[in-house]
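Look for subunit A in each of the two complexes below; its partner is subunit B in the first and subunit C in the second.
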Partner chain A sequence: MNIQDAIVQRVTDMPMLPVVVSRLLEIIGEENHSTSDVVRIVENDPSLTIKVLRVANSAAFFRGHPISTLNRAIGLLGEKMVADIAIGSCTLQVLNRPLKGYDSAFGELWDHSLCSAISSREITLMIQNGVSPDLAFTAGLLHDIGKAILSEFLEGNVEKLIELWDQKQVEDYLEAEKDIVGTNHSEVGYLVAQHWGLPKPLCAVIKHHHHPNLSDKEYIELTYMVHLGDIIAMMYGSGTGSDTMAYRIDPEYQKHVPISKQGLAVLFLTVQEKFTDTKSSILASEEV
Partner chain B sequence: MFQTIIITDDSTTARMITKRCLEIAGFQNSSFLEAKNGEEALQMAKDNQVDLMVIDLNMPKMDGSSLLKRLKSSPRLNHIPVLVISSLVSEAKETELKEQGAFAALSKPITPAGLSKVLKSLSEQSTWG
Partner chain C sequence: MSTIYVGVGEYAVSRTPGDVIKTMALGSCVAVIMLDPIQRAVGMLHVALPDSSISRRRVGEKPGLFADTGIPILLDEMKRLGYNGNGNLIVKLAGGASIMDPNGTFNIGKRNVLAVRKILWNHRLGAVAEHVGDSISRTVSLSVDTGKVVLSSPGRGEWSL
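Up next is the complex of A and B:
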């Protein structure tokens, strides 16, 4: 079996997502959904409800009286935080792993994904062009899912990958990955997205987040937002090892994501603050 | 300013990230030399005209603290500004490193903005000093 067939086989062998996660992602992919729709899914899933209650009763939020109902937890945390906990904890299991093929430690992929998710959402809130903030958050979380698979096939090649990029033999790290294994993490991520039956906008972002100009017209704004969110996360110091800052920013991004230099500075500060809060809430939801 | 920079870290990935951060921070025209440990870095500093050294603390053979001491005790090399980078630099550690001769110490992960800030302050000190 050649390496590309082995990668396809590895994707095919991946377990399907739990029903509640698929439903959650399906809702988020729908145009005009609201955060309340996400909360309704949490209400109907005991395991997600328990996670939210854990956060509401964690040291950071505890107000002297135990919170035992979801409604009270929503009152305390807000719908947006409840949605973040649901989406974040669902993806944590897949993304919270070391990437040996990228020389990236345990936790870095998830940190980078979460930081990109928050950056992407903050961009939607800043420019208000009709792209759903929840969708941008989720797309940001999942954009690098392909690395979770590709990493094992890149193991032992980190120095060669770095050399290819450093000596300018390739345009970016995607091309270096392709040189070594014949495919890249965007293409592998797209295979995973299809295997899981993810909604179309998420598939488009995963496939084109490094070359957003190639994305489907319908999802081009969303793809540009995650493209920028990804770069912001790396500039913030949250990368995934050897490919950190080894991609080019699309020079056309300002046409699709019109943010001034001053706006970017504000965005940096907002992301910094929200990343710490959201990360600790999602991790609190997982504590036993 | 900083025409030749030595980056010292035992991890290839960490050296590469430091180099990319420096390039984004405005030093894209600098020449970068890479060393895997203190011994290599010391030799490179002796063999080249060096304007800046960025060193990690935890390295095999000769660690960052030992390298810093060797550099600062050498009349030939003690003029080279040294920036220390490490996993977690407490205030006390930063003070200790500055007393040993480093001009600044940064915690990992480093960012282009963080590097730009400390290097700008160093270049201003040089201008006025």
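Up next is the complex of A and C:
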């Protein structure tokens, strides 16, 4: 079996997402959904409800009285945080793994994904052009899902990949990946997205996050936001090892996401504030 | 004897034998490293942005986020450990990576490095060694015992600065 066939096989062998996660992602992918719709999914799923209650009763939020109902947890944490916990904890299992093929330690892929998710959402809140903040968050969280599969096939090639980039023999790390294994993490991520039947906007972002100009017209703004969210996460210091910063910014981004130097600095500060809080809440939702 | 981790916008100083000060995965942020050979004290600051005028509130909470407010604090901390302010400090810089942006907006790394150099200059200091720019991630560790600054980057191994 050649490498590409082996990668396809590995994707096909991936377990399907739990029904509740698929439903959650489907809702987020719908236009005009609200955060309350996400909360309703949590209400109807005992395992997600338990996770949210765990956060509400964790040291960071505990106010002296144990919280045993979802409503009171929502009152304490806010709908947005509840949605973050639901989405974040669902993706944690898939994303929380070391990427040996990128010389990246355990936890870095999930950190990078969460940091990109927060950055992408903050961009939507700053630009306010109608792209759903929840959708940007989720797309940011899942954009690098392909690395979870591709990493294994890149093992032993890190030096070669870096050399290709350093010597400017490739346009970016994506092209270096393609040189070595005949495909890249965006293409593999797209295979995973299709395997899981993810909503179209998420598929588009996963496939085109490094070249947003090629994304489906309908999702081009969203793709540009995650493109920049990903870059901001890397600049912030949350990358996935050897490919960190080894990409190019799409020169047309200002047309889609007009952002000033000052705006970017404010974004950077917001990400710095929110990343640690959101991360500790999502981690508190997991059983110790 | 411990490893002290310096997060984004944080700083640390030490002259305790065995201590190592470490900052992980600098992207566009810059590590300002100071060594006082007389006191055998070291310090590190993790700067995220060049200029504090962007947010008064954040300056109050975390002055180390900005080059202009962070460097004076690191200097004060070095003085607390005995630095006499005579300019006999060894300064080194690492980080400040950038992604090429034709619009210049995303060149925060480059602007961080320029701001740090300028503010050091205003304090009559200059870096004797730098490993800055390019498009790579850098982890820095600084040992009190040896004064050695070691950089590393995924897939690139480690080297001294």
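Going forward, the second predicted complex is superposed on the first by the 287 of 288 C-alpha atoms of A that agree within 3 Å, B and C clash if a C-alpha of one lies under 4 Å from a C-alpha of the other, contacts with A are read in each partner's own complex, and residues count from 1 in each chain.
As a convention for this text, a contact is a pair of C-beta atoms (placed from the backbone, for glycine too) under 8 Å apart; a residue touches a chain by one contact, two chains touch by 3 or more.
Every value quoted in this text rests on a predicted model; they were computed, and no experiment measured them.
Trainee: Put subunit B and subunit C onto subunit A via the superposition and say whether they clash or fit.
Mentor: Aligned on subunit A, subunit C clashes with subunit B.
Trainee: Touch check for A:8: first (subunit B), second (subunit C), both, or neither?
Mentor: It touches nothing on subunit B or subunit C.
Trainee: Looking at A:92, would you say it contacts subunit B, subunit C, both, or neither? Reply first, second, both or neither.
Mentor: After superposing on A, A:92 lies clear of both subunit B and subunit C.
Trainee: By residue count, which of the two partners contacts subunit A more extensively, subunit B or subunit C?
Mentor: For subunit A, the partner with the higher number of touched residues is C.
Trainee: Which of the two partners, first being subunit B and second being subunit C, lies in contact with A:76: first, second, both, or neither?
Mentor: neither
Trainee: State whether A:283 touches subunit B only (first), subunit C only (second), both chains, or neither.
Mentor: In the superposition, A:283 contacts neither subunit B nor subunit C.
Trainee: Have a look at where A:159 lands relative to subunit B and subunit C in the superposition and call it first, second, both or neither.
Mentor: A:159 sits against subunit B and subunit C alike.
Trainee: Quick one: is A:20 in contact with subunit B, with subunit C, with both, or with neither? Answer first, second, both or neither.
Mentor: A:20: touches no partner chain.
Trainee: Between subunit B and subunit C, whom does A:264 touch in the aligned arrangement: first, second, both, or neither?
Mentor: A:264 contacts subunit C only, not subunit B.
Trainee: If I apply the document's touch criterion, which positions on subunit A are contacted by subunit B in one structure and by subunit C in the other?
Mentor: The answer is residues 103, 158-159, 162, 235-239, 241-242, 244-246, 268 of subunit A.
Trainee: Across the complex, what residues on subunit C touch subunit A?
Mentor: Residues in contact with subunit A: 8-9, 24-29, 48-49, 51, 54-55, 58, 65, 97-106, 108-109, 135-137, 154-156.
Trainee: Which of the residues in subunit B come into contact with subunit A in the complex?
Mentor: 11-13, 16-17, 19-21, 24, 108-114
Trainee: State the interface residues of subunit A toward subunit C in the complex, per the touch definition above.
Mentor: It comes out as residues 102-104, 158-159, 161-162, 165, 231, 234-239, 241-242, 244-249, 251, 253-254, 259-262, 264-266, 268-269, 272.
Trainee: Report the residues of subunit A in contact with subunit B in the complex, numbered from low to high.
Mentor: Touching subunit B: residues 103, 158-159, 162, 166, 235-239, 241-242, 244-246, 268 of subunit A.
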